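Quick heads-up: structures coming right below.
Two complexes are shown next, each including chain A; its partner changes from chain B in the first to chain C in the second.
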Partner chain A sequence: MAAALPLAVLGLLLLGPGGRGHAEPPRDTLREELVITPLPSGDVAATFQFRTRWDSDLQREEVSHYRLFPKALGQLISKYSLQELHLSFTQGFWRTRYWGPPFLQAPSGAELWVWFQDTVTDVDKSWKELSNVLSGIFCASLNFIDSTNTVTPTASFKPLGLANGTDHSFLRYAVLPREVVCTENLTPWKKLLPCSSKAGLSVLLKADRLFHTSYHSQAVHIRPVCRNARCTSISWELRQTLSVVYDAFVTGQGKKDWSLFRMFSRTLTEPCPLASESRVYVDITGHNQDNETLEVNPPPTTTYQDVTLGTRKTYAVYDLLDAAVINNSRNLNLQLKWRSPPEHGYVHYQPAQDRLQPHLLEMLIQLPANSATKVSIQFERALLKWTEYTPDPNHGFYVSPSVLSALVPSMVAAKPVDWEESPLFRSLYPVSDSSSYFVRLYTEPLLVNLPTPDFSMPYNVICLTCTVVAVCYGSFYNLLTRTFHIEEPSTGGLAKRLANLIRRARGVPPL
Partner chain B sequence: ASQIEDQAEQFFRSGHTNNWAVLVCTSRFWFNYRHVANTLSVYRSVKRLGIPDSHIVLMLADDMACNPRNPKPATVFSHKNMELNVYGDDVEVDYRSYEVTVENFLRVLTGRIPPSTPRSKRLLSDDRSNILIYMTGHGGNGFLKFQDSEEITNIELADAFEQMWQKRRYNELLFIIDTCQGASMYERFYSPNIMALASSQVGEDSLSHQPDPAIGVHLMDRYTFYVLEFLEEINPASQTNMNDLFQVCPRSLCVSTPGHRTDLFQRDPKNVLITDFFGSVRKVEITTETISLQPDLEIMESRYEKDWMNEELMEPLKYAEQLPVAQIIHQKPKLKDWHPPGGFILGLWALIIMVFFKTYGIKHMKFIF
Partner chain C sequence: AVAILLGLPLWWKTTETYRAPLPYSQISGLNALQLRLTVRVTVVFTRESVPLDDQEKLPFTVVHEREIPLKYKMKIKCRFQKAYRRALEREEEALSLGSMQEAETMLAEPQEQAEGSLTVYVISENSSLLPQEMMSYIGPERTAVVRGITHREAFHIVGRRVIQVAQAMSLTEDVLAAALADHLPEDKWSSDKRRPLKSSLGYEITFSLLNPDPKSHDVHWDIKGAVRRYVQPFLSALSAAGNFSVDSQILYYAVLGVNPRFDPASSSYYLAAHSLPHVINPVESRLGSSAASLYPVLNFLLYVPELAHSPLYIQDKDGAPVATNAFHSPRWGGIMVYNVDPKGYNGSELPVRVEVDMVRVMEVFLAQLRLLFGIGQPQIPLKCLFSGPKSEGLTIWELDRLLWARSVENVATATTTLTSLAQLLGKISNIVIKDDVASEVYRAVAAVQKAAEELAAGHLASALIASQEAVTSSERAFFDPSLLHLLYFPDDQKFAIYIPLFLPMAVPILLSLVKIFLETRKSWKKPEKRD
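On to the complex of A and B.
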């Protein structure tokens, strides 16, 4: 009853001024959307988008009446003559290899890129002032953006909205990778939403759950868009997006059943009364595969199929404005259950104990068809005691080969084996089932180079030390214990006579 | 006689019209979690008692709530067993991380801020403002450490307060400090209307309260813990005065001796309410007249009509192509503006030419010129 009353009051207010003359066209609209995507690794990604479209031309008039479009951002657009603004705060990294392609990725930290309109004379001054103002609005250290971390890209970051020309001198881009995202950045972001965090999808935005995630990215995007299909007039679009990825092991305690309550500690009770559309999409593309089936509860009334990011996907749609979705239970708690969770089978691991026993890893795996499965183990190399090295340590140390035992399905059914009658090569392995055969394969042994100390070191040290000692001590001993006598020069000698002959022949004075 | 006394007392009641708070945590690194928790507890109490975010300048030198080492992200607890999350859902940190420096702190106090500073980072107090300044971190005899890289001395602080007094930026000021040897920081004050509290005397250390085994660090300092307990009992209408605040945390609980200084303050502390500094004055006048709010609808409607027609353009617009390969390949790089060579290059060339002519003689010059 309490929820119905404000809606009724809102309805009266809308009818009031309209009753005087003709109905005025709606100036701004709000659409809110939440997309829940179960990721291949067992985690869940949730992407919120709140989009306010304002059919107004901010450049030409002095606007003083703001309804859904937040005043703080509207004043920024007119004061700094912005054409586009994109600001994002991110913590974590989107792991495309495990999670698939993202809708909208942002770099870790804070990223701000802005297209100014061509009427701006001093772009750098406007850029500095804009980053200071944004730092105050979003409680972030964006005031550290200056010429040392700002660039003007020349080829990428083309405008995402309508653009007259693309002179890149009006574009500025800066990233602050050290910027932390926390509740103090989320609070002003939430306050920009028309329904704040009171109704609609934004009730799910609770800081203590949103930051307990592997990836958290919130962004504000402002750009001019076409108002209709003919694209003859401009509207301003403000998109606020928030993407989070919940980790199955950290927040889910290893279980892969997800529900809105488990993710956000809240459920949806009503749509935002100011929103023209309020929907939740759940990606159920994996619904019809054989290995695992995804069950969504409550079952969706409509589905939506489209090609997104290159693949065909199916989404279950829950429209909050449809009264049947939020039925007598007065809340919507979506639950995702995996019907037959993928089993890793049996794993046995016995870690090594130094000089006692080796590592043992045994795994029973079900290999999917037409695929390659890679098993990898990380190890660290350690230094042995110097007596434990072999005489040729630079050869390396051997790791024993791995063993693969498999039951391979046979293409042709085999006859049962009679051990005495059939040839010996048929009775190597006992087989119980003729539709598959047993095989045991081995990998190559691994040769690992361990860090080897320099065994020639003691010999070299001894040589060097002995040389130094001999030279120094020997010299000192000689100086101290020997006496010096003056020697008379010897006259004559055969060598001297020969040398004088040669000198006379040359014409040089003799010795 | 008592009526005259009451009238006289009315005269001496604080004449402030607005309240401000500057809350500073100066320590960085995870093991200084307790300093952030101290500051956030005071922030929480001050907000609860009525001071709005626009009148609070909160400076936190490091982020503990979303620190990767925090087992419970987006929370900062003040009590073990995680009873009270002082970070909350509605926090606005004005100066964070590297912005908390001595320079920024003094600029906030004295008002000498660069013109592009946003409003939430300014202390816009006037001569009828009561300001609460709370500082916590690591300190010593006569100084307070900021982020383990610089210090502020008690003389600088006293001079900053004098600047504030001369620029009429406060009516009364309450200064609370929770560091080791905190009393040394208020020894040098000389401006009027300042009351100061510290968690320990010179030569004493302020100790922390209790560690939490799940989080792994000490959660709060003793003095602020007992001050928080005391403030939790206060509501915006309470009449508790400053003398009760002086008694918070005796030596048996705090191990250090909290100190206070009231000689610069004109009023008697027993007449000063806690809410004079921690709460916010709201002068509310109740009126019974009815005022009707009716927008002038005719003007609005005609304006909408005019804009609706003006905005239709002649030809359709289109979105920019995100990756126009042909255009990118053929664009010429912008020539950088030519700058004349700077002093160093000129000097180097002059030196080379001088050496050349010295060696080979000046007569070669005539062949060149």
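On to the complex of A and C.
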């Protein structure tokens, strides 16, 4: 906006009834919730849900007034006569084997499925326009949804909310598996929240942490729900969900523990004043059975037990609207500690820096008797820079052998001898205790074959094209220089003279 | 030879771009179009308004025409076609009534006046209908009253007064200059006249309540009632200018982009005039674009400052607080700062419940809305009584003025679009012109011509419709995606494809041509030798 002019003159008088209407009680409510689940693999999952319920019939009203419900989505519902809309953006894959069943499953990439109302005449056109508009709202490439990747499932994807009829011709479903989810998708998603990212649970939604996770899934679900128990009228429900899975937080001492601050680099400072309910649930199932492996700090005021996903779960509940949990002087920084049984292990790991420093992994382990211990390291092969290939790429790369240093208990107790006097063959390693001796073992070096690109390819291409060109040129040359008519030998053009020159060089009699 | 005979036309046919014929000459003719805007003014003389012998000459028609000096390629002429006639019985009766209001209601009853036309009643010099010192009266509809005179050159003097009134109520230079602001070179007209919105088929009006501090303020506004009571009447009066859709939203934690300064003298905060342009951008990211339509959006923001920055005032360029505490941004919308009554904080704990006084807010927003549509303060001539608009906040002649401006603007926009389309198509010969694009172009040209004719005939309503059709058709032709299909095959790329194939083939052919040429020259020389 280039210019802004103060409005100085005002010559307008409003007539008409000037009664000031009293605003009716808010017809929309916001509930927000965060569930933190320590996963069996040691990772931590956090699931946000923001639910905005709006007691309004979007289709009927000509002029629409929005309070908590975002205007952009409300306009979509009324313009395209939507019955339900489900949109999710996911990065990564939920590993059910390690993480257990998820609350909200979503495919990798972008998924959109929409039920249109039965008043829509041209569903395909609406679908196309809708996906274009959504791609604008969420900065995603949903505009690549077209007839080639749209299907109309007939058995799956029933409406999740209220539905009069389930005529499948009003359902459209599309997945874009290649869609990359990034900050630019999160920002518009956050803007739809009434408290934006300024208060309440949404404070934790900091993009640079949310995308440093092994799984990130954000979704928008819109559906009609019953307004009251008798379901006489409908309300619109908007659920915005976000699930992330953080890698196990392992500290230097090998202890796993985390806190809100470590996960999100924020703490909860104030509740969202617009929310009617704002809670944090922490899954503390197994808190009591497994020798107190989990410790939650601050201790929860209430707990909640329920059977979810087939198992009985116990949750510690923190109500942000409760002044005791969170107030002006006190932020909520939930901490969860695994109090594991004491171990005598020591693990030191120094990660490699590319082309500067190798990996170093040191472990101090006490091995039980008659046991086999296997230490394995996974690695990924990477491509080298093209100047870094050795002249003989077939040889591969050597990984230096690992070292095993051990104090082995001696069969026979040795006599303590004077260190200086003893033979040289037994005095290299200092031995403090005569009942054991020191051994250092080395494993074989490892030869790793790195993928080697085909360096000869450009050369082959050049060879081939040169050959083809040469053959063509040669045949044309022959055609042009070879003359088939009888001619007086005396005269000859430049071409002939040239031909003769070449013929002489080739040892062929001249023309 | 057969291959050439068959292949060459075939190659020519398959690589040719289809170009439907376009009316290039007519499009270039549009540029030199003379727009003549005719305003029909009916001048009605009552019995004692002018001397009797003058009345004998009635009815007759006077045309007052002049050119509007704008630096625009189109010549625009404004023409007041005044039809003089005697008053009918009923009109005499109405104008002899005691008050202006009664006379007006009686006059307005039977006949419907065409859009853009005016009726001026000339009453006797000493009629008590107007206050003594007033010479004329401008009503809220398309009527005006002028005092007559008993003088030898009565018609001349009355005619001047009528023109004066008609110019106030109808077309004026600055209305047209504002409408054509985009097409005029940058000069004195530019900055202030760019305020009105561009002509469009529809507009979206969004009222947003910004509450940056919901912890302290629980703000309620009865926007539903206010829209119904104040905005809808105004918009339904304006409905000839386009479709309107209205919605509202409440945005929490939306802050202005500028930190207000603290003024210790009045213990209040203020936003200086120079910082106002920076206020809008951060807010705009929260407003959200309109997803549902392509019409331009007008934003009206009501900002309730946070507790830490209350009260907040807007200063004008001289540093004095602006009375309305509001400002507007051309073609974007308006912002009003609504300070919470400090008495509300006493005793009650946070959040304080705030009921917004919608009358105060809507007064400001409607005034801004008028400005954004280019309906400024009416310029009333001296010694003239102006009744002011009715409850919808818009007089009918103001609407007419807007429609005149819109029609001219539409014609200008359509002409520019068509001209640049013709230029583009002429410059890049690879663009495919499909039949439907061509038909849109024809339709647009016809509509522009029709609009010009209707304007010249003084039929405002049909001129507006024709001009809107012209804009729609011309833009549809201009933005048709089929125009882009072959655009990206420039000549150098074509050669890059053909040369690898043709060059090796051409070398032997050229060599043999050279050889043939040499042979023939040799055979020419031989006969000479024989001679």
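Going forward, the second predicted complex is superposed on the first by the 303 of 511 C-alpha atoms of A that agree within 3 Å, B and C clash if a C-alpha of one lies under 4 Å from a C-alpha of the other, contacts with A are read in each partner's own complex, and residues count from 1 in each chain.
Criterion: a residue touches a chain if its C-beta (ideal position, glycine included) is under 8 Å from a C-beta of that chain, and two chains touch if they have at least 3 such contacts.
Treat the numbers as computed from the prediction; the structure is a model and nothing was measured.
Colleague: So in the superposed three-chain picture, is A:Asp306 touching just chain B, just chain C, both, or none of them (first/second/both/neither)?
Modeller: Neither chain B nor chain C is touched by A:Asp306.
Colleague: Looking at A:Glu380 after the superposition, I want to know if it touches chain B, chain C, both of them or none. Which is it: first, second, both, neither?
Modeller: It touches nothing on chain B or chain C.
Colleague: Applying the touch criterion given at the start, work out whether A:Lys158 contacts chain B, chain C, both or neither, answering first, second, both or neither.
Modeller: First partner only.
Colleague: According to the stated criteria, A:Asp354 is in contact with first (chain B), second (chain C), both, or neither; which is it?
Modeller: neither
Colleague: Can A:Val133 be said to touch chain B (first), chain C (second), both, or neither?
Modeller: Both: A:Val133 reaches chain B and chain C.
Colleague: Taking the superposition on A as described, I'd like to know which of chain B and chain C A:Thr183 touches: first, second, both or neither.
Modeller: first
Colleague: Applying the touch criterion given at the start, work out whether A:Phe476 contacts chain B, chain C, both or neither, answering first, second, both or neither.
Modeller: In the superposition, A:Phe476 contacts chain C only.
Colleague: Do chain B and chain C touch any of the same residues on chain A, and if so, which?
Modeller: Common interface on chain A, chain B vs chain C: 17, 20-22, 133, 136-137.
Colleague: Going by the contact rule set out above, which residues of chain A touch chain B in the complex?
Modeller: It comes out as residues 17, 20-22, 24-25, 27, 56-57, 60-61, 91, 128-129, 132-133, 135-137, 139-141, 143-144, 154-156, 158-164, 166, 178, 180-184, 187-188, 206-208, 210-212, 226, 230-234.
Colleague: So in the complex, which bits of chain A are touching chain C?
Modeller: Going by the criterion above, the answer is residues 1-18, 20-23, 63-68, 70-72, 75-76, 78-79, 133, 136-137, 191, 194-196, 198-199, 270, 273-274, 469, 472, 476, 479-480, 493, 495.
Colleague: Which residues of chain B touch chain A once you look at their complex with the stated criterion?
Modeller: Chain B reaches chain A through residues 63, 65-66, 72-75, 85, 87-94, 96-99, 116-121, 295, 297-298, 300-301, 304, 307-308, 310-324, 328, 331, 333-334.
Colleague: Residue numbers of chain C touching chain A in their complex, please.
Modeller: 191, 195, 206, 214-215, 220-230, 233, 245-250, 252-254, 273, 276-277, 279-281, 285-286, 288-293, 314-317, 322-324, 326-330, 332, 334, 351, 355, 357-359, 362-364, 366-368, 370-371, 377, 388, 391, 393, 504, 507-508, 511-512, 515, 518
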